[in-house]
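You will see two complexes here that share subunit A, one where it goes with subunit B and one where it goes with subunit C.
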Partner chain A sequence: MRSTRRTAELTAAALLEIRALSVQFSTGDGPVYAVNDLDLQVRRGEVLGMVGESGSGKSQTWLAVLGLLAKNGHAEGSVRLDGEEILNAPSRTLTRLRGNRVGMIFQDPMTAMNPFLTVGRQMTEVLQWHRGLSRRAAEARCIEALTAVHITDAARRLQMYPHEFSGGMRQRVMIATALLTEPQLLICDEPTTALDVTVQAQILALLDELRQRHGTAIVLITHDLGVVAQLADRVVVMYAGRQVETAEVHTLYGAYRHPYTEGLLRSVPRLDEARAERLATIPGRPPDLAQRPPGCPFAPRCAYAAPICAQQMPPLVALGPEHLRACHYGGALKSEARGA
Partner chain B sequence: MSATALLEVRDLAVHFPVRGRGWLPVHRTLRAVDEVSFAVRPGEVLGVVGESGCGKSTLLRAILRLIPVTAGSVRLSGVELTTLEKAALRPLRRRMQIVFQDPLASLDPRMTVGEIIAEPLTALLPGLARAERRQRVERALQQVGLLPAQINRYPHEFSGGQAQRIGIARALVVEPQLLICDEPVSALDVSIKSQIINLLLDLRAEQNLTYIFVAHDLATVRHIADRVMVLYLGRVMEITDRDALYAHPLHPYTRLLLAAVPIPDPVRARTHRAPPGRDELPSPLALPSGCVFRTRCPLATARCAAERPALRVIDGRAVACHHADAAAGQP
Partner chain C sequence: MIRFLLRRLAWAIPTLWVIVTLSFFMLRLAPGGPFTEARRLPPQVMANLERMYHLNEPVWEQYGRYLEHMVRGDFGPSYVYRSTTVNQLIAQGLPVDLTIGGLALALALLIGMPLGMLAALRQNRAWDYVSMAGAMIGISVPTFVVAPLLILLLAVKAHWLPAGGWSHGRLSHLVLPVAVLTLPLLAYVARLMRGSMIEVLNSPYIRTARAKGLPERTVLLRHALRPALMPLISFLGPAAVNTLTGSIIVEEIFGLPGIGRFFVDGAMNRDYTLVMGVTILYAVLIIAFNLLADVLYGVLDPRARLS
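What follows is the complex of A and B.
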């Protein structure tokens, strides 16, 4: 069943198309290059995993798409939602878009909610504002939405304030709120990072259920390779503001071809394998985004680096129908036997 | 075991009074830590795991005497800490140090790295000569893989991983026996996290250190700990040697935690997905009767509501569950 659904997805046109996106911040110490020349697609109904460490540009990419960059940030390039250009669109257009066609969920639901307003007020506002519903109709709709994310006793919960909810419940409220306007695209930035593992499992199952039921495309931004493996159809690995490898999820975990992907996957302690005496590491430090080296940004930490890597940025090359990689190294990776 | 333990905690309780509000205020008690007993042997790493609200942080603070203890005993090499006067406690503080979760937030931004690392020396070994102090600071820097030349830099010039190295150097500079690590790698990136874990393992081997390593990430704890203690709502559910715990957990809560850890393998993730529970943690102000875990437990029976299971030894492992005998009997 799954495979037929997948094929249908692959032939569908892109829902969101990012072309040559660059994001810069001007700071007192000069410019910081957060995203560099990024090309990316989100297809209808797919879950796209966006993996990277701090400073990889995984979050700034989507803040730029939504027009939510910090004041000193500046985005260039093109972002088309259903063919319509939305990058740097007027704020009225973006406000309408964010409430209607694109939903967002952030890491810490407490900071994304107003502590002085009841949950009901914050949720109904969305429908009154974007859909012009009456208060009563909006409330009825919110009760349905909370029930859909498995919150019991929804009518009473609407009268409660955010602090009266546990972290997992608040994240459910956030998801319910984001889905009120039935968006085509849901952007989730580290949606489970602040939650306990047991609650994380519940939220991931909920996201999976929602995408099956509504066909909502989901962008899952996370540093956690375990989380991506649960949910994503395709995965983009980011480093220093660049896409270094993109592949269908099974290819990425089973037949990765970028040294950074290899390093990430090998340095995660995992419960499904025998315990190694020593964890594999990626030597060195995270990249300095104030520098824009002429070559591959990962080269200083890369075990396979050759002289060309410091001089020339490797282009993003297709290795297969669903597999892109930006790397000069042509040989086999050390862990390939295991990875294959 | 108690004769050789470096740290021994017995029946430790930390309760906080919670004042009621309104006309007829009901004063209640929050039992953050209750009847917790365990020992840490010299040279071992004891991992402590549990969800938020399980009492991990309260337990650490109580051991370090940063908060008052309601009942019970904490002994470091046989010396009772809970009743010691402040002045008598000071020489013992040198023997146990703490590393915090958020490395940048736990370093004073106005102090240089050298001043930060020297601070515990000034506080705990005030008699030390200046040259000796400097020497110790430089040694601590080297031990954690930083350069002595970085001694005059400020915290903001360092990345998260390097800042955590500074935090570790600050703890090590007084040459403690016991290092209490409170989520030391949780805020770090994947590629940096493994560097710090390896550093902690190296330091332990070189200096015969003992760790209490608190984390919510069970995969990381498996990597560093020799034994693991599982806490839930302030109580010990299970304390077991690492390999036994991960291979065959006896407590249903340990099983629930392990099943929830996402595995970075899409094939396994999609075929072995455990149905997640839909239940919520009970309020710590209104704990369930009997076993505190029973409201989320798939095995709960009438006995679990009536009778609180004691921590007892089964197959050489300590478990607080009425059903642990049956679990131990299974392959």
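What follows is the complex of A and C.
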């Protein structure tokens, strides 16, 4: 699905630039550090994968970017969209930006649509608000948009309610809605997690088709490495609110350099290998986000950890033109010889 | 929708019949009768009375007679309020309760809903704490404490309002009883509204609405309000009936000629027909308001429209 031809075009200036982003939540038990000191770029037209386990900060990063954090959340740092600072911008700026220049779709299309409003109402309101279209003109555009995501009989379906749609159709509606305003960036938070495998493949094919046709940049937040492999140009691996490794997708799968990435990739079940041994797992527990250890957050679970790992945070270092890693360990990873 | 209504109305008839039958026989099982008083009547007088009211007949015959009259809308003569029918008693008393209860309901909704919404939007801030503390007081302090207090302050000390009486529903006579009835109801509505609003505002589809860049007032009015009203509707069905059929405490304290006292007086005096009358009235209202709630559910929530 990924075209190598496009890689050259990606060198253009960043569409979105995140600098030193930190997200905290204040809770009854003290602060929880969800994202720590994150630097990241999204380039025009690229698909950026964000992978990590639950609580790695991959979703909160993007909710913070759009000002959609829960009430007890707080973000610091800088986020620039086309050079314009948008982090913690006034709500008037954000409401003009969200659903207009930056779209976002969510994990569970069952609960992400309002059950009390027709699909048409939930689509047309976007165009009425952002584009000032009349209801009728907006409806005509929505019919086109639904047809573009391969929903047939769109005019009739606009009158229907979300519960009359299947899960896959609802996610198509969500995507069509997010694309109504032709955003420069579409953030997809686990877009296929709640769907069964065949529907998942259809949605991924649809996302790929859309970015090819419109050149929309897509951020794909997921814990599913298979999804990332299919669609992403570059991948950011997150752990405990930190970026641990970033690389172009083939580099990441073929020549990963971080022990956590190794753990993630080795714990994916494979059908093309004999079931000689048990599926690899990462030992230990996910990190406690209420703590901010001085060293590498992965150190307690890391097979390669040295004394320095627990004391000093490894800096994010460039290993190649598109390859960044935050790790003290300099030797070879155990599975590298295998050539994943 | 029409088929749903017809089916529900058809079900109301057997439901009512069960209620009527159960109450009829349970009343007869209670010891004593309408004319067994502390001061015993001469046997001849007693026999005459029982013959006049058909109480000397077998119970099943009385039951048949009662059903027959009931179907025609005649609830019979009261045994205790002599030479008055139950129909007359209810027709005189009910308007008092409908006026006071209706006003209290309307006020509780008009004030309680915005109050609860505001508390939800200012969650965990001063306004939220103050209004919810007030609501807690409104719910937990009983009417028989609030009513005398208000009478003492506003009627006895300040002379602003009359301490009681009905006076054909003069506005000044309505203020205190309506206020006393409104208070706990309003508190309940506000708390319910706050809770459901907070829940709805945390739901994924509200996040979607915000992610679409909609202004906050659209998010609230178009996306959040309707779902947040649903718990209120379930609560209002029975609550409205209780409020509209009068409260014996409020009626006693303010000396109002409503029907709330009949529920207790009738039972104490074994005034069979009066108890039956108010029971049936209550049951009919409960059935009607629950049906209304279900219809409203269907109107508001498209998912409830199918079956």
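Rule of thumb we're sticking to: the second predicted complex is superposed on the first by the 331 of 340 C-alpha atoms of A that agree within 3 Å, B and C clash if a C-alpha of one lies under 4 Å from a C-alpha of the other, contacts with A are read in each partner's own complex, and residues count from 1 in each chain.
Here, a residue touches a chain if its C-beta (ideal position, glycine included) is under 8 Å from a C-beta of that chain, and two chains touch if they have at least 3 such contacts.
If you're wondering where the values come from, they're calculated on a predicted model, not measured in any experiment.
After superposition onto subunit A, partners subunit B and subunit C are found to sit side by side with no clash. Once the two complexes are laid over each other on the shared chain, residue contacts for A:Gln230 go to subunit B alone; subunit C is not touched. Judged by the touch definition given at the top, the superposed model places A:Thr281 against subunit B, while subunit C stays out of reach.
With subunit A as the corner point and C-alpha centres for all three chains, the angle toward subunit B and subunit C works out to 70 degrees, nearest 10. In the superposition on chain A, A:Ala201 makes contact with subunit B only, not with subunit C. Applying the stated contact rule after C-alpha superposition, one finds that A:Val249 touches subunit B and leaves subunit C untouched. More subunit A residues lie in contact with B than with the other chain of the pair subunit B and subunit C. Once chain A of one complex is fitted onto chain A of the other, the partner contacts of A:Ser91 are limited to subunit C, with no touch recorded for subunit B. After superposing the two complexes on chain A, the shortest C-alpha to C-alpha distance between subunit B and subunit C comes to 5 Å. The touching residues of subunit A, counted against subunit C in their complex, run 66, 68, 70-71, 91, 94-100, 103-106, 108, 111-118, 125-126, 129-130, 161, 163, 174, 177-178. For subunit C in complex with subunit A, the residues that touch the partner chain are 123, 202-205, 207-216, 218, 222-223, 226-227, 300-303. Subunit A contributes residues 53-54, 150, 166-169, 196-202, 204-205, 223-230, 232, 249-250, 253-254, 263-265, 267-272, 275-276, 278-283, 285-286, 301 to its touches with subunit B in the complex. Only residues 51-52, 159-162, 189-195, 197-198, 201, 216-220, 222-223, 243, 246, 256-270, 273-278, 280-281 of subunit B touch subunit A when the two sit together in their complex.
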